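Paired with chain B in one complex and with chain C in the other, chain A is shared by the two complexes that follow.
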Partner chain A sequence: MSSIRMTLAGVSSIAGVKSNDTMSSWLKRSARALGLPLLGLLVFLLIWQAGAKQIHTSLGEFPGPSQVYQQTLSLIADHNAERARETDFYERQEQRNAERIAKDPSYEPKIREYTGKPTFFDQIGTSLVTVLAGFFIAGLIAIPLGICIGLNGALYSALNPIIQLFKPVSPLAWLPLVTMVVSAVYVTPDPLFAKSFLTSLFTVSLCCLWPTLINTAVGVSAVSPDLQNVSKVLRLSWGTHVVKIVLPSSVPMIFTGLRLSLGIAWMVLIAAEMLAQNPGLGKFVWDEFQNGSSDSLGRIMVAVLVIGLIGFLLDRIMLLLQRAFSWDKNAITR
Partner chain B sequence: MKTTLNRRSLCKKVVLATAVGLATLSASTAALAEIGYPEKEELKFGFIKLTDMAPLAIAYEKHYFEDEGLYVTLEAQANWKVLLDRVIDGQLDGAHMLAGQPLGATIGFGTKADIITAFSMDLNGNGITVSNDIWEQMKPNIPVGADGKPVHPIKADALKPVVDKYKAEGKPFNMGMVFPVSTHNYELRYWLAAGGIHPGYYAPEKGDISGQLQADALLSVTPPPQMPATMEAGTIYGYCVGEPWNQQAVFKGIGVPVITDYEIWKDNPEKVFGVSKEWADKYPNTHIRVVKAMIRAAKWLDENNNANRPEAVEILSRPTYVGADAEVIANSMTGTFEYEKGDKREVPDFNVFFRYNATYPYYSDAIWYLTQMRRWGQIAEQKPDSWYMDIAKKVYRPDIYALAAKELIADGVMDAADFPDFDSEDGFKAPQTQFIDGITYDGKKPNEYLEKFNIGLKGADKI
Partner chain C sequence: MSLSKHLELTGVSIEFPTPKGPFKALDNVNLKIEKGEFVSLIGHSGCGKSTVLNIVAGLHKATTGGVVLEGKEVDEPGPERAVVFQNHSLLPWLSAYENVELAVKQVFKGQKSKAEMKAWIEHNLELVHMTHAMHKRPDEISGGMKQRVGIARALAMEPQVLLMDEPFGALDALTRAHLQDSLMEIQKDLNNTVIMITHDVDEAVLLSDRIVMMTNGPAATVGEILKVELPRPRDRIALADDPQYNHYRHQVLSFLYEKQRKVEDIGQHRSVKKSEEEAVELPKKRAHG
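Right after this comes the complex of A and B.
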């Protein structure tokens, strides 16, 4: 009995419950922390399953949780089958190369990349790489620029109209322009990046740099006057002022901007991929819509859930980073 | 290094050009020299999600491309314009094209570019579908046979009262086709005009490329996979498109196919494999090898009386190719066609990939498309018969096809009986009579042919 109590105490202390808390209040709290979200999820699944049955499309019933589960399994099976085909492809290729060398000794064998189609999981990878690269470029532009206009009121007034003008532009409006510019400017015989990758990348950057830019500027201009005075008294150089005073106090705002940006980046990317037929999850959704098979809606639903899940995880990661970088560990961030 | 490379490739070109020239001059010369290795091994071909892209899918899946030392990636394209533009600017090495596309591009209707074809991908394979509502209105005008089913082929005469009614009410009668120079456009126009419904003229020299001048039925472009959804949304009342998008309408219960193009013009040429002339000149060996692989694929598709079709259906139903449900694709690919729900009829030649020399690029086929371009105003002025021949010879390249075919015969993969007799073949089919309106087409007399139509431009007519 006492050992059980001890383990319980151990568990409760892990769960962050102070040792003097009673059992009942611990149970209540864990019920809140775990039980309520689970309950919400369960109710959602039930409503979804029941609601899905009521919606009849020309491609059959709207997919419910069970179809989504089946399609997830079939997507995994497709992925594994494709990998097996890939292995065969390389084997055949080596054999053909060997045959050709036997006939034509001057031939320099070359291993060409697999020519099959990317699977759902490959598309997830492509989208993730694209969104992170686009987001990185946006941050690289937005943070320094934000600091500059935050510190300099005149510059801020000069650039503000431009920022306000471009901020609300939808990715779909940028896309044709970006596509044409990339095709015109990026001409190399042996491209390092695919054009489609660059188009998605720049569209994402253009659309997601604004929140970071604005938040950085606001954060920088809102540095407490006390700290500014300290900097003046110590006669800090401009660089030291930025690094020691401005940046630390505007980090929470910068990260708020970055989180917003990443959220936008992810949404923009899916739209851009759908429209431009660039590889990624957006293209997967569009292809399935075009196919119009009876599995299509289920597969699209899998993609929708995965898109949501990835968006959520990206946001959580940004939150963790924000906490790690922020000097005020007690600030409430959610 | 670079100069030597250039010189080498130049030498190759000269050698090959001479070879091609010799081969065409005296095609009977004995065993040809073996075709060299492909100049370009990694290729990317585009296609539109239609069952007639099958030769590409089969050549890939059965490793016929790899047998030729080619490593091909197949990529679905959003629509015909994107596909053509990407072939022109070199993002695609070649593509599944509408027969009218290389011709339209060469004469400069739409984007001007030199596109050639040495391989015809299939015969027939299209249908005209109308929405359930229009079908109900057409039905009283269609004679019923002894079995209680509508008598086929259904002519546009049955649709005319419906179109007239819409016109009287001031409502536009909209229909969809897939591209201004597509087979579907010309077939839909042919069918409508044969029933007395004017499908409208183009007037490119006046900047009108809508094709709706003087029209009773207004035709506009919709990409094939979006046809059923567009009709379901009520934007168009009917459409002409390739498979599986007619059967999809039956399957979804949103429309009824009324006629297949087989009944409009028996064994009409449909898609071709198009490449840019520049590409073909730069990579002659590669081109011949591509054609070789595709001829094998086409043969596989028709072999043993369509025995391989069920397997082809399974391959095409994969999301990377056509992606529609296997049973929808199977409806037309296995020799049947479902009109009204439950009215499934035998159409064994609905999709022909190899029989009747389907893969041979006939000049007469090219000229038929040119006559229709003239008929509907896409070619604004009268052209002499010789002009039609010149364009056909510029775009359609049976000489390249012959090289590939002879190579296949020499390899022992195929039999000379599988092909037309290359010594005597002049590229013109005998005058064809099996059109829905009974008019005879002789590819050698395009202007005379145009005179036979009631609706359409002829002689020196201008819009």
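Right after this comes the complex of A and C.
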């Protein structure tokens, strides 16, 4: 993942080439910017291939890059096959219904849902929706609460022990509690969301809201004394002070918190899905592990790489949002 | 209290609570300032110049004594005592125009129409020659330009007193000279009352009507007050050879380096070097006398 990060950094520095640079120095720089990460990737693949051959498990050899490539193709093929079956199913159903209506015009056609096994790509979609929803809820709670805590020293003192206590709790510890609470509280005849979705969602929210909460509170309470003096000299009202001075000056910290939260959310979600058997990439990994066929390890390896890639992309997206919306352009290249 | 005095500091003392007990920074500071007067405060680093300014601004409260402006006791900060901060203190997420706008909207709420406010903001940015970059944000302009915007923001409040804490301290000599000239021009037109802290002897003599020299802390107070009776407009090049000008410089220098010499400055070459940046600027040219 870090090699991919370096490649992207290299690409962006190439984009910044100035016209007056000489060709040779440009070549040298792009060789450094692109060449080194590529070299790193190549060495990694070679070591992986060689190392994988040395590890023998009960399910066969540890998957190397070539097996991973094959399994990726096979997962895509599985997905396409499943989609084809689904289309077939609906076509046949429609045909049957049309025939019955032709025979008996009073017949009310029944439409049944296709209940196939979710593919790898379906699981990716589920995980993405869950992580974004969980992250969104966490932000919705953490940012306003963080602002209140940051503005009010007494509230901060009162809540600080609780925050410090819950912050380090592992998602696996929350999961049984969240599962039981969701089962007990969410009882409707016609559920809009699956219980498994809600369980994953709330577990993710509970685990990832802390960095945003803490960073928001710190950002809000640590407005530079100089700016506070400006506000005093102007005799800004409390409301104006908060809106014009406090909130804008804490935006960079809020974004830092959100970025940390999203990273945690993604890690937590995969673990929660594995443990609770909730739909998503975590379940895919667990199912393959239980399945124990000769392809399983290769497929798990594909999932591992995809999880890393998605985590990386989520982080980049947050960074782009931060660049677009935060005034502090220096603090975000970290 | 005589009515002619515009701004009066009477018996001002302040103690800061510290872990080692109260620290008396200022003791019995008395100062009377006339309307339209340009007064500079000079003294060694850490003697309490900023503290005096902050008390006038209302950002600190005197332990004993107090400040009266136009017959009214100062007890909180307010825009009639605008401050130009040493490090400009612009809001980094707002453009130069918006920084001034924040102040103008606050001070002239309900008094000026939208169009009048816009014209007033632009006028003040023009005074400090910032029209060309008024839609740039602080991180896109130089230190001197930021300081100009800070001055424009303070002027735009139409303050009764303009308080400046080492406004040009962080700037290079050339930029500083430009800003000093601008400030003199503006002062000529607007006739503001100004209190400026400086550590630059030339700056003090060039700009001031009176120079208030402070003794070393702790328990610092007003040591001497020097009246600078050079005709205005003042020209820095002509004054460089002016015996009267050099006489004033000499008096300030002798106060700082003979009467109020800092103990650390003797002998210890290394400590002098270290504190050079903070200490009063060394004379560039020997005053004759």
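In the analysis below, the second predicted complex is superposed on the first by the 297 of 334 C-alpha atoms of A that agree within 3 Å, B and C clash if a C-alpha of one lies under 4 Å from a C-alpha of the other, contacts with A are read in each partner's own complex, and residues count from 1 in each chain.
One rule holds in what follows: a residue touches a chain if its C-beta (ideal position, glycine included) is under 8 Å from a C-beta of that chain, and two chains touch if they have at least 3 such contacts.
Note that the structure is a prediction, hence the values are computed from the model and not measured.
After superposition onto chain A, the partners chain B and chain C occupy separate space and fit alongside each other.
Of the two partner chains placed by superposition, A:49 touches none, neither chain B nor chain C. In the superposition on chain A, contact is made by A:96 with chain B only, not with chain C. By the touch criterion defined above, A:277 lies against chain B but remains apart from chain C after alignment on the C-alpha atoms of chain A.
In the overlay built on the shared chain, the residue A:59 is in contact with chain B alone; chain C does not reach it. Using the contact criterion defined above for the overlaid structures, shared-chain residue A:293 touches chain B, although it does not reach chain C. Looking at the shared chain after the overlay, A:251 reaches chain C, while chain B stays out of its contact range.
Of the two partner chains placed around the shared chain by superposition, chain B is the only one that A:104 touches, whereas chain C remains out of contact. Comparing chain C and chain B on the residues of chain A they touch gives the larger count to B. Once the two complexes are laid over each other on the shared chain, residue contacts for A:226 go to chain C alone; chain B is not touched. If you stand at the C-alpha centre of chain A, chain B and chain C are 150 degrees apart, rounded to the nearest 10.
The gap separating chain B from chain C in the superposed three-chain model is 54 Å, by closest C-alpha atoms. On chain A, the surface touched by chain B in one complex and the surface touched by chain C in the other have no residue in common. Those residues of chain A lying in contact with chain C across their complex are 226-227, 229-230, 232-236, 240, 244-245, 248-249, 251, 327-330.
Interface of chain B with chain A (complex): residues 37, 41-42, 49, 60, 63, 66, 69, 71-74, 76-78, 89, 91, 225-226, 228-229, 232, 248, 252-254, 317, 319-320, 322-325, 328.
Per the touch definition, chain C reaches chain A in the complex via residues 57-59, 76-79, 81-83, 85, 87, 89, 91-93, 102-103, 106-107, 137, 139, 157. The residues of chain A lying in touch with chain B in their complex are 58-59, 78, 92-93, 96, 100, 104, 107, 110, 112, 115-117, 183, 195, 277, 287-288, 290-296, 299.
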